[in-house]
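Order of writing sets the chain letters: A, B, C, D, E, F, G and H. Residues in each chain are counted from 1.
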C-alpha cells in the first residue's frame, strides 16, 4: 500500500474513532437526562391531577437543559454527516420527543407539532446537515406517547378522574387517523403503528366503561370533543 | 468449422441476454411491490375514514374503486414486460416475477374483499392480467399459477387483521370484525388443504393463524365488555356515542 | 372460497402432482442409464488405448437409447413449461452431455458442439418450450469433461501412453479460453469454472514431466497441436 | 392551525420521497454492480490473451485501458444520481450505495493493478468520482469513505488469485504468480491493521487469506516440479515450449 | 469386492428403500385423515355448544378409520424395527392423540388416559416391536390439546358460553400440575411444557374477566376455584 | 511432547472433567428441590388466603434443605473458581431467590433484601471465592417474582380477594421504580426489566377493574393511590 | 390426571433416563478403546513394513476386548429397541469397523466382508433386536478405510516402499467400483462416497509419480494396470 | 425498595461496569501487540532462513512488553474473579501463546512447554486467582501453531529450503500424537483438534513430494522417517 495513503487512511480512521468517543460521552449525558425525566413523568400515573402542574414544573428545566447537549453534538458532527452518526443518539432523542409531547399534552391537551418539538429541544435549523429531528423519530415519539396515554387512561379512572379518558380518546384518535395517512415500509415504525391500534381499542373500552356508568360529566365531554 | 472463440462468443451473448432480462424483471418486481404496498395503505386509509353524509357509496366501496384504479398501473407494467415473460420465459423467471405478483394479488384481493366481502377467484385475478383487448386465454400476458394465487391471498389475512382491529374503535366495528373473522377462518380452513402441495404455504398459514387469533382476542374483549350490561350491543354503542359526542 | 374455484385449483394441483410422478419415473430411468454409462467409461482409466474403441462401442447404444426417454419427457411436459420442470432432470442431462462429449473426444479428439450434442441426445428443436438443452447445462457437461480428462492424463502416463497428455492439453486449453469469454454470475458455473483452472494446471504439469523426460515422440506431438 | 390530516399529509410526502429515492439508489447500485462485474471478466479475458506480435502494449495494459474506459459509465451514473446522494444524503443512503460502489472499486483497482502492478490509492479512486469538470474537492459527487475503499479493495484479492492461477499455465506465469503473491501478501498484511475499525473487513480478510494460500500452494507445485531438473526454470519453460509446439 | 457380498449389501439397501416408499404412502394417508379431522374440529370455535355433539359424531368415524392404517403400517414394519421407522409417522400420530383427547374432553370433560388413547387409535399391544404409542408422543398430543383449549376459552365466551372457560381452567390446571411432576429431559417436550404456562395464564385471565363481571353462574365459579 | 508435561496436561483436563460430573449431580438435586417448591407455590393461585400460611409452612423446610447442597457445591469448587463453574447452577439459584422472595411477600408483604436472601439460602460469606449470590442473580429472581405477582393479582380477584391486587400494585411499583434507578447494561437483565412494564400495566388494569366496580374497601384503594 | 396413570408415565420416563445413563457409560468405554486403537494404527504411517506385523499384534487384543462391551450393551438395551438407542454408539462402532478392515488389509491385503466384520467384533446374530451391525455402518467404516489408505499411499512412498501404492490402488478401485453399484440414498453415505473420488484420484497420482520415475518393480505395475 | 439496599446494588453494578471499561482498555493494548507480532511473524513465509534470526529479534521485545499489560490486568481483576473476566482477553492470550511457541520453534526447533510459555508471557503464579494461563488456552495456541506450520512447509519449499518440511513434519507429528492422548471434551478444542488431521496430511504430502524427487539431503529424510 502506498505509505502516504496508508497514513492518510489511518489518520481518518483515528479521528473518526476519537469523534465516536466524544459523541458517546454526550449520548451518556443525554440518556441520563432521559432517565431522569421518564422517572419524574412516571409519577403522573399515581398523583391527583391537581399535582400535575408541579410535576411538569420539575421536568421542564431538565428538558431545556438538553439544548446544550444538542448544541455540543451538532458541533462535534462534521458537515453533512448527520446520518452517519445519528444512530448513536436516536433512542435518547425519541424519548425527548415523547417527553416534550407528553408535557404539552398534560399542560393544555394539544399535540406538539414537529416544528414546536424541534424548537423545544433547542435544535436549530442551521445545523440540519449535522443535527436534526427527522420525521421518523418524531413519529416514534408520538407512538410512545399514545402507549403511555392508554396507561394514563386506566390509572386516571382508578384515581377517580373520569374526564381524562374522554380527553385522551379524542386526542389519540386524531393522532391515529394521522398515521393512517402514511405509506410505511414493513419496518419498526409500521410494527409500532400496528400496536397503536391496541392502545386505541383499550382507551375505547375505558371510555365505554366510564360512559355507560354515566360517570362522565356532560360538560367536560363536550368541551373536550371540540378539540 | 467455427472457432471455439466464436462459439463461446455466442454463448456469452445468450448468457448476457439472460442476466440482463433477469435484472429488468427484478427491478420491475420491486416497482410492482411498491405500487401494491402503497395501494394497500390507500385501501386502509379510505375504508377506515368515517362515512360522510350524502356519499352515495360506503367508504369500503370507494376505497375498492380507487384501489383498483391504482392497480391498473401494475397491469400496464406487466403488459410492457410481456416479451420478457411470455411463453416458456414465465417459468424461467418465475423466481423474479413472483414476489411482485404476490404483493399485487394481496392488494387486489383486499380491494375485492372491501367491495364484495368475498374472496376474489383465481379467474378474476387472471382476468386482470390480460392483454389490451381484454380477450380470453390467447391474450394472457402470462398464466397465473396456483401457487402465486394462494400465497398472495395468504398475505391478505394479515391486512384483514389490521383492518378488523382498527375498525373495532369505530361504530359498527364489532359487526365488521365478526364478518372479517369469519372470512379469515374460512381462508385458514380452505388453505390448510393446500399446504402439502404449495411450498411455503404452511409458513404463511401460521401467520394467518396468528392473525385469526388476534381478531378472536379482540372480538372476545368486546363481548366481555358488553356482556356486563343488560342491553343489546347496538343500543350500548348508541348510548356511548351519545354520551361522548356530547 | 368460491366452491368452483376451489375445485378448479384442486384439479390443477392434482394434475400437476400426477405429472410430477410421471416425470419422476422417467428421471429414474434416465439416472439409471447415466450410472451405466459412467460405470463403463470409468474403465477408460485402466485399459490400453487399443481397447478404447470397443469400450465406446458399448456406450454408444446406451446413449442412443436415451432418445426415447427425452421424447417421452417432451410429451409429458405441457407447452411452455420447460423451465418449470427441468430441475428434475438437470443432473441426468448434464451427465449425458459429459458422456457424449467424452465419447466424441475419445473417438476423434474433437469437441462436440452444442448443436451436435443436442442431436446426439436426440433432442428435437421443435420441443423447445418443453424439452431442450440449455447452454448452461452444456457448459456444465464440458467442465465435467475437463475434470475427467485431467484424471485421464495422469492414468494414460501410468499406462505408458505419453501422447495422450499432449492431446488433452491442447484440447483443454482451447475449452478453457472459451470459458474466459463468458460473463458469469457468482453461481455454481463460476465456481466450477474456477476449479477448471486447477485441472488445466495439473495437465500442464504432466505435459511438463513428459516433455522434459523426452518421452513424447516428436511426430505425435506435432499432429496433435495442429488441432 | 393546521389539521392533523394536513400535517401528516406533509409527512407522507416526505416519507414517500425518501422511499422512492431509496428504491432509485438500490436499482442504480444493481446496475453499477453489473457493469463492474462485466468489466472484471473483460479484464481477465484480455489480460490472459496471448500477446500478439506487433502489439505495442502488453495484454495487461490494453486490458486495463479497455476496462477503465468501460468504467466511465459508472462515473456517469453517479453524476446523474448526484442529487440523490449529495451532501448529507450520502450517509443516509450509504447502505444502498455501498454494494455497487465496492464492486466498482474492485473493478477499478483490478484495472489499476494490471497496468501498474500497484494498489490504487484512495485519492485516485476519489478522483474518478468528480463532477464533469474534474476539479477538486468542491466537485466531489460524494466523498469516498475509508470503509468502502478498503472493502472494495479487499475483494480484489479474490480476482488476483484467479488471475494468478490462470496465468500459471502460460509462459512467464510463474513470475506473474510470484509478484501477484507478493502483492496479495502485502494487502493481507496492511489490511490486518484496519480490521478492528472496519466492520466486515475481518470476514473479507479470511477470504483474502484463503486466496493467498491458494496462490502459495500453486506456486509451490511449480517449484517442486522444476526442482527435479538441474536447469534454471526459464530454460525449462523454453524446453517444454519447444517440445510441445513441435 | 466379493460379488456375493456385494449383492447382499445391495439387496438390503434396496429393500429398505422400497419399504420406505411403502410406509411413506401410508403416512400420506395418515396425514390426510389428520387434516380432515383437524378441519372438522376447528369448527368448534364458531358453533354453539348445542351443535358440538353432531360435530363429534362426524369426527369419530374418521378417527376409527385410522385403525386400518395403523394395522397396515404395523405389518409393513419388520420385527424389532419400530424405532427405526417411527419418525416417519410421529407427527401424524401426535395429532391423532390430540384429536382423540379433544373429542373426549368435548364429550364428557374428562382426560383420555394413555391406555385409552392407545385403544381408541386401534393400536394393539401385540405389535409393540413394530407399532406403538410412546409416552412422549402421548404427552405431545396433550400439550397441543392445552394450546387449543386456551383458544376455545376465548371463543366460547364470544359465543356467549361463560361456563366453558371455568371448565377448561380446571381441566388445564390439572394437566399442568401433572406435567410439573414429570421428570422431563431438556428437550422439545420440556420446551413445549414451558410454553404451557402462557396458556394457563391466558385461561386464568379469561376466568378473571368472567368472574369479575359475574357472568357465569355462581356455582360454576366456586367449583372451579376450589381446585 | 515432553511425557511429564503431557501427563500434567492430561491430569488437569481429567480432574476438571470429573469435577464437572460431581457438580452436575448436585445441580440435579438443586433442580429437583426447585421443582418441588415451584409445584407447591403454584397452588397459591387457587387457594383462599386463609390457607396460605399452611402452604408456606410446607415450602420453608424445603428452602432450608438447600443449604446443605450449597455447602456441598462450595466444597467441590476449587478456591477462586466460583466464576468458572457458576453457569451450571445459575438457573436453580435464581429460582431459589424467587421462592425466598415470594415466601417473604406472602408472609408479611415486604421485600427480601439481598443480604437476607443470601442468609435464607444458607450461603456463607466465607465461601465467596467458591459459592456466592451475585447481584445479577438476585435481580433476576425479583423479576420472576413480579411476573408471578401479576398472575396472582388476576387469580386473587377470581377468588374474590379484591384487596390483594392493591397490595401487589404498591409492592410492584416500588420494585419497578427501584429498577429504573439501576444502571443496567444492555443484556438479558435489561430486556427482562423492559418486560416488567407489561406486568405493571397488567396489574394497573386489574386495580382499575376493581376500582371501577367499587369492589375493594375504600381504604385499601386510597392507601394504594397515595404511592 | 389420574394418579396411577401419572405414576406410570413418570416411571417410564424415569427408567428411560436411567437406561440412557447406563448406556452412556459403556459408550465412553467404547470410545476409549477406539482412541487407543486409532492411536496405535496411526504409527503405520511412519514405520517400515517389516514392523507392521508387530503393530497389528498390539491392536488385535484391543479389538477382541470390545466383544464384552458389545455384550453388555446388548444386555442393557430392552428387546426390540435396537434402533431407539443405536445413535449413541454409532460413531464408535463405525471406527471399530474401520479398525477391523484396516487390520485385515494390512495382514493379507483382502477386504473384510460384512459377515466377517460382525464376527470379528463379537456381535451375535441372536442379539439382532438389541445390538447389530447395520449395512450402513459397515459401509461408513469402509469409506474411512479408503480415506486412510490414500494417506498411507503417500507415506509409504516417503518411506521408500514403492509397491504399496500399487497394491492400495488396486484395492481401492475395487471398493470404489463396488460402491458405484450400490443404490445409495441422498444422504451422508452418498456424500462420503462422492468424496471417495478424490481419494481414488490422489492414489492414481501417486501411482503416476512412481511409474513416471520407474521406481516400482515392473511386475507390480503391470499387475495393477490390468485391473 | 430499601434505599440503602438500592444504593448497594447500584454501587456494585456501577463498579463492575467501570472495571469492565478499564479491562477493555488493556485488552485493546493487548490486541494491538498481538497484531504487531503476527504482522512481523507473517514475513517468515517470504524470507530466506538466514534472515529469520533478525525477524525473531524484532518480535522478542514486543513479546516481553506484554508482561506489563498482564501485570496491569492482574491488578485490575478483583481477587477470585479470574474466571469471571477471562473471556475478555482469551483471544489475545491464545495468540501470545502461539507467538511464543512459534518463536521457540523457529529458534531451536523445540516445543515450548506450558510452564515455559507462562514464564515467557511474564505471568506470575501468585496472580493465579486473578490472571493465569489455563491449559485450554495453551492447547489452542499449539493448534494455531500447527496450522501455521503447514503453511510454512509449503512456503519454505518455494523458497528452496527442502529440509524445513521434514523438520516440521517430525515436530507436528509429535504434537499430534500428544493430542491424541488427551481426553478432550466435545467442544471447540476437540473440533480444532480434528482439523489438525488435515494439516498433518498436507505436511505428509509435502514430505512425499520432496522425498520422491530426492530434493532433501538423505540424512534429513531418514531422521524424519524414523519417528
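Convention: a contact is a pair of C-beta atoms (placed from the backbone, for glycine too) under 8 Å apart; a residue touches a chain by one contact, two chains touch by 3 or more.
Keep in mind that this is a model prediction, so the values were computed, not measured.
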| item | value |
| --- | --- |
| Fewest hops from chain D to chain G - one hop per pair of touching chains | 2 |
| Chain-contact steps, minimal, separating chain E from chain D | 2 |
| Partner chains shared by chain D and chain H (touch criterion as defined above) | none |
| Homomeric contact chain F-chain H: same or different residue positions, threshold half | same |
| Most remote chain, CA-based centroid, reference being chain G | A |
| Farthest chain (mean CA position) relative to chain H | B |
| Which listed pair, C-D, B-E or A-B, duplicates the contacts of D-H in over half of its pairs | B-E |
| Distance between chain centroids, defined by C-alpha means - chain B, chain C (Å) | 45 |
| Gap in Å, rounded to a whole number, between the CA centres of chain H and chain A | 51 |
| Inter-centroid spacing, chain H versus chain B (mean Cα positions, whole Å) | 59 |
| Chain E-chain F separation of Cα centroids, rounded to whole Å | 34 |
| Junction residues of chain A - those touching two or more other chains | 177, 181-185, 209 |
| Junction residues of chain B - those touching two or more other chains | 16, 19, 38, 193 |
| All chain pairs that touch each other | A-B, A-D, A-F, B-C, B-D, B-E, C-D, C-G, D-H, E-F, E-G, F-H, G-H |
| Touching residues (chain side chain B, partner chain D) in the complex | 16, 19, 23, 26-27, 30-31, 34, 38 |
| Complex contact set, residues of chain B against chain C | 2, 4-5, 7-9, 11-12, 14-16, 19, 87-92, 94, 118-119, 121-123, 146, 149-150, 186-187, 190, 193-194, 197-198 |
| Touching residues (chain side chain H, partner chain D) in the complex | 31, 35, 38-39, 42, 45-46, 151, 154-155, 157-158, 160, 162, 206, 209-210, 213, 215 |
| Residue ranges of chain B touching chain E (in the complex, touch as defined) | 182, 185, 188-189, 192-193, 196, 213, 216-217, 219-220, 223-224, 227-228 |
| Residues of chain E defined as touching chain G within the complex | 1-2, 5-6, 8-10, 12-14, 17, 79-85, 111, 113-115, 128-129, 135, 138-139, 174-175, 177-178, 181-185 |
